[in-house]
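Each of the next two complexes has subunit A plus one more chain, namely subunit B in the first and subunit C in the second.
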Partner chain A sequence: MKINAKIIASTILLCAVPLLLTACMSKGESSSDKDNVAATVAEKKPFAKYKNTVKYTVGKSIPGAPKLPKGDSYENNVYTRYIKKNLNAVSVDKFEAENGDNYDQKVAMAISTGDLPDIMAVNQSQLQQLVDNDLIQDLSSVYKTSTTKSIKKMYDSYGGRPLKQATFNGKLMALPTTQTNNLPTMLWVRKDWMDKLGLAEPKTIDDVENILEQFVTKDPGNNGAGKTIGLGLSKTVGGSYASLFQADDVMSKFNSFPRQWIKQDGKVVYGSTTPETKKALGYLQGWFKKGLIDPQMSVRDKIESILISGQCGAFFGPWWSGDYPLTDAYKNNPKADWQPYVITDKDGKVKAYTQNTAGSYFVVRKGFKHPELLAKIASLLNDKLVYKDYAYKPIVNYGLKGYDGGKPVDLLINYATATTDMHDNIMKAVNGKKDPKTLILDDYQNYKKIKAYNADPANADNNAWSGHITRDVSTGKMKDTLSKIEEVHPVFFGQTATMKQKWANLNKMEDATFLKIVTNQESVDKFDDFVKSWHKLGGDEITKEVKQEIKSQN
Partner chain B sequence: MQLARTQKKQHKDSQLMYHLMMLPGMLFLLVFSFVPMAGIVMAFQNYIPAKGILGSDWVGLANFKYMFQIPDSMQILANTVIIAGWKIVFNTIVPVVFALLLNEIRVNWAKRTIQTVVYLPNFLSWVVLATVVINLFDYHGPVNTFLQTFGVKPILFMGSNDWFRPIMIGSDVWKGFGYGSIIYLAALTGIDPGLYEAAEMDGASRWSQLLHVTLPGMLPTIMMMTALNLTNILNAGFDQIFNMYNPIVYQTGDIIDTYVYRVGLLGQQYSLGTAIGLLKSLVGATLMISANEASKKFANMQIF
Partner chain C sequence: MNKNTNKVANFFTWLIVLALTASCLLPLVNMVAISFSDSASAAANQVGLIPVHFNLSSYRMILEDHQFWLSFGISIERVVLGTLINLVLIVLMAYPLSKNKRDFHARNIYMNLIIFAMLFNGGMIPSFIVIKSLGLMDTIWALVLPGAVPIFNVILMMNFFKGLPNALEEAAIMDGASKMTVLLKIYLPLSLPGLATVSLFAIVGHWNDYFSGLLYMNRAANYPLQTYIQQLNIDITKVTDASQLHALTSISNKTLNAAKIVVSTVPLLLIYPFLQKYFVTGMTIGSVKE
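The block that comes next holds the complex of A and B.
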């Protein structure tokens, strides 16, 4: 009897294993393949409507909190209906997942089972994987036939960089989302504290140093002796493009561009290992020793909290810092007068590194009969909807009510100068030089906020203030600085084979070294040891590979 | 003979229902614990998701070799074993002592209240507790304020390689000792009261009763729990450390799991992750089997 049970159990086990394995491996044809027939030449035009309804499956990334009207779903909402009406194409969600890690996991799963949706968004390394395994289609010809002139102009406004990132062996394998220019980042500082101490507006890092010193010694915010924090700084110190709490605006003054692959004197180097970065870290250490930087930066969990509570007087951040996190700071204390200032070199220039202009990549599964559909949807949503149908009622109302996340293919394409264009458009409307009704929706809302702020600045609520400080003030300063920026273009953003194995470890060393030097736990000279080990433990190999990849790209 | 057979049949009938009830659990175990073991082969492959398990190339022990070539592997291993080891030690001693002390309380309501209060932290996740701990050891937090009254300069506890491990071990014990003591309290109630009566008759003091009746009575349970805990020697507590560490304390606080997390997240290295996981399981299983043998020999108690 006992033996029998064992036999049964092991039989079940043996049967189950291959069953499950095959279930994982099966590459079933997508249902959309059967009904769909290839498009005619006329149908390939950007805004042409298909004769027969085209069904396509998508991998849908959704926002954290669902914000759809009652009765709508991600498969049936104002955007899907707009696409159906214009193109006669209907989406089916192959999977839905919250954007971020969850979505990435779903994509990884889809790639691992080979069961891909017809259209989905992937990141750089996933794109590389899909190309290597020949799972997606070449989009070169549909890009020509099925995107509008404006879309092509938008991509061209980056000097061709985003498309180059998506091109492999001369073939365009994906349509990338574009990342508009967000340079330069600015020093956001408590103007009310500066006024109280009679300090002038900062222009150079020496001015910044002086302001921070006055802040921490004279405690203008009445936080109690020794409790006022000068500069809020991220644990990573620097190297994240246009992000909050980086020290890049200080480091670039020393020609240090940490965590970027840059060309220096004709040679490709990793910015974190240059002598310039050593100098920059040493300089920041000087600030830390004087108490100008948050003494608890190495363990600070949320820098936002010390800004909102009024303990901290300054930080570096991009133009949108007025929306986040400062809206909450203003809400908490409307007298906290945060103002942005561009910090320049002695000669008035601003050096800054640019980013990877491609964000995520939209790909089309190999075997899907309508590769042009992706280009058509991109044109519809980023050209027709924005520039012709901006007054289309259902979508306008949808936005006004705060609904979000309905687009089945959320492929955002915009001009490189989109941020300063936005500033121009809104301010023209505010100054009566443009009909506010011609503003696109988001701009119109901010136009109203600025109007409300200007009517009564003293009593403006936090929404009106954030509209004013970002769309009027900080983006205005960005625009004024455009001609003074010296851009440094990083030469590589991808991942090489050796990086896969050794990068995590090099990264760990890099993070620890930066943080330890800045917080004065290690002397600046330890930087040389770091550089030595960095080269020895894989850095040399990786640099070689990066050089090779750059060569093959050109 | 006939009688025995009927009895056996009756026995079988009555057991059938119980076996049926066990079936879902067994199936669950089969599907979620045994079938995925097939994935172990990934550790010996250069696993590429698109190619699948059947299509990926075999690389033999290359992943394991690489694992030991990671420059920091010794440091990470040491961090893991030190943190996990001390956690096992204190997570055994503290609950036992606590159970003994609680057992001496004769006021029932006080006993119950204390029990409930010390259980509580166990039900909070580390995401929440990490914030509590970080605030407690803040520059201007209660601990530093207290120390300042004695003229001690504020210490950056969470950014100090001297303090990080003690804080991790201490906060873990604080979180878990109340819950951990439940099983020892149960063991205490299992000790025959007759033994205490007899000891009292023989003139044993409370202290000798503790040493000669209570502790020997609890020993099998303690041995078994230790044996079970030993499987965790390479689990230093990912969610706790991940929520509290920072680059400065990598030196003393980076453990296998946090390292694998970073490597996995950055490099999508499924094979390396599987290899490390497999090695962890092997070490854990070996330790548990040897601890089981030991407790069989010394305490005459075994898990399997």
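The block that comes next holds the complex of A and C.
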């Protein structure tokens, strides 16, 4: 008994020590609060320089492998110096973490300890959390005063959708990054195999089926009988916008838009549970049964490897597939002639769902004296740097040498037509209708690659080829198709309360069901069971919440 | 007859041991082969146990990667500092705990406390808040202090001390030695196998830990090596903007990442042979006491 009492007493004492220690430490005021005075009207103008240096802290997402020149850091590099020179503002990193899970975790830590950086990027659910807890500032007025006309035009080119996503009760709480919508994916095929077998260019999914069948049965790549793989397909099957190895180009032909909240006959439904999706999965199962889809897709670790090694003849991918992963395929075997094709309906139309036009959200901590700084940096980096200072030497050289990740606030805003604009500008320069020196940096590099490719296509290296196939060919085909695209706009992108608890499990069930049906481990009719349990295990509740949120948004 | 069955048994034992060894060794050999291969062949999964298109470009690139060497230095610093702190605290804690209740009255209380602390902890966010409030963020101390007393190793060492004959200590005390002298002059020299074992645990633990670096370091320049390597492993299926594309070429650089992993295992490979002879005895000593 005595010992027990002692144990309890010392346990309590031991537990109390850290508490006492924390209590003794004063909560450090953010250093930027003290010496910063609110901006004057003149200083609020987009490109106006502050009279006194403004210090601000940021949550910085970084690329996995650092690519900064020696001696530079994320706090002191060509971009931070550019911002200092133009605005007289200096950034201090509150934290740095790799873009993705690691960064999200740091943000979650910052929110849970209440110690936020002045400016940081958050995702949709974190934004909601910050708004609910009243931790960030209303940016409505600084958006008006401190962004340029071009920035406003860029946001407007999306029909106001990105800003609407960041608006709560009529207040703009964040500046979103923009994401363009166009032709999300195309079919990439080994043209050299098609030529060898005398096949015509594919236009519809029936043509695709025929080509895959010929590839698999006739082995044009000399992989050995039965070893050629037709279509490389992701384990998740479809529903990830403009990503590699999705089957959306097939599923959309059945009006199936998996993983999207869409309006069907006036009702809001989850695309993965519609009868159309059942049909599409059944159709893909038919391909799998015929051996047209990678027989090992459920255990395939890296689909890239079978493309590069020359085993696989086709996949669905976005316009940049020529940059990744096909540049390695070309390097490995320059005779592998990968070409993109747009697959249409019988009447020549392409149905495609659109993605959220807002990517991530940049927020300003409540209490920070310079909410306009975020808008000013956004204007500086997306307007002045792109359209006026594009020839600014330090940044040009920085890019040429392959350095990356220096922007303290990586807020990307561009026009909805950015991808096809890029194609137009580069091709104008290639055809001599535009001065190449007026191209922005990334475009200029690709312009040079295309020039190199055109000079000697037969002996072009993989860099020249990737510039040619993406900036000339695939984006060109995209441009020609734009008028034929029938866009399906998903009606909801956010996260509801019940989703937080149940969405992960529902997703898991969905992934497993899709994979099992496509790989013919289960019959198509299992889809009905999936839909039933989806509704029972939280789907009904979530659908109700989604409908409510849509109502409150309008 | 008997000899024959022995031979058959031996054969199968060897076969199983060889298979197990191969399953440990082959992934390493594959990693080394990839690091010496051409990047396109590596991306095509064509590299097995022998490099394809042998070249040293990955290692040349590592030499130029200053963050890699910075992180390498931080890891070495952490291992040296962390292991020293661990050893001192383990010994100072294990020695008194190896005495029985007659000599050390509160022994069981302390024992229960540390076992409690081994089984339960505050969790990630409270630990984070503690480290943050103590002002340890972004310092080497955030990496070495939270795990300064590895309880499992304390218990291992305690049992090791218990296994030493009590008469030695009694004789020394008769000769007028203080407790500290007994510990330093008698117990420690006799415990080298045990010390080697716990050092090895500590070194490997510190070297391989990536998560605390991720949690407690706010600047990428302060990452220890394994944290740096952990974040090189990226899976790319989606790009939202053309400006991100030129980053892709380096992401697909499987050979460079393999080379970094190979270099990162070298220090441990160097340490193992020196500690291994102690390690084998050390693992079993202390497991059985009289």
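One rule holds in what follows: the second predicted complex is superposed on the first by the 526 of 554 C-alpha atoms of A that agree within 3 Å, B and C clash if a C-alpha of one lies under 4 Å from a C-alpha of the other, contacts with A are read in each partner's own complex, and residues count from 1 in each chain.
The working rule: a contact is a pair of C-beta atoms (placed from the backbone, for glycine too) under 8 Å apart; a residue touches a chain by one contact, two chains touch by 3 or more.
Only a predicted model underlies this, so the values are computations on that prediction, with no experimental measurement involved.
On the superposed subunit A, the positions of subunit B and subunit C overlap enough to count as a clash.
Using the contact criterion defined above for the overlaid structures, shared-chain residue A:296 touches subunit B, although it does not reach subunit C.
Of the two partner chains placed by superposition, subunit B and subunit C are both touched by A:112. Set side by side, subunit B and subunit C differ in how many residues of subunit A they touch, and the one touching more is C. Once chain A of one complex is fitted onto chain A of the other, the partner contacts of A:519 are limited to subunit B, with no touch recorded for subunit C. Once chain A of one complex is fitted onto chain A of the other, the partner contacts of A:544 are absent, as it touches neither subunit B nor subunit C. In the superposition on chain A, A:171 contacts neither subunit B nor subunit C.
When the shared chain is aligned, subunit B comes close enough to touch A:511, but subunit C does not.
In the superposition on chain A, A:218 makes contact with neither subunit B nor subunit C. In the overlay built on the shared chain, the residue A:349 is in contact with neither subunit B nor subunit C.
Overlaid on A, the two complexes show subunit B and subunit C touching the same residues of subunit A, namely 21, 25, 112-113. Interface residues of subunit B facing subunit A in the complex, by the touch rule stated above, are 30-31, 34-35, 38, 48-54, 66, 70-72, 131, 134, 138-140, 156, 158-159, 246-248, 250-251, 254, 259, 262-263, 266-269.
On the subunit A side of its complex with subunit C, the touching residues are 3, 6-7, 10-11, 14, 18, 21-22, 25, 62-67, 70, 73-74, 93-98, 100, 102, 105-106, 109, 112-113, 115, 177, 179-180, 234, 240-245, 302, 304-306, 308-310, 318, 320, 323-325, 327-329, 331-332, 359, 399, 402, 404-405, 412, 414, 418-419, 422, 442, 445. Here subunit C touches subunit A in the complex through residues 39-41, 43-46, 66-67, 106, 108-109, 112-113, 116, 122, 125, 128-130, 132-135, 214-215, 218-221, 231-234, 236-243, 245-252, going by the rule given at the top. Across the complex, subunit A meets subunit B through its residues 12-13, 16-17, 20-21, 24-25, 108, 111-114, 125, 129-130, 132-133, 135, 227, 235, 295-296, 298-299, 301, 495, 499-501, 503-505, 507-508, 511-512, 514-516, 519, 521, 533, 537.
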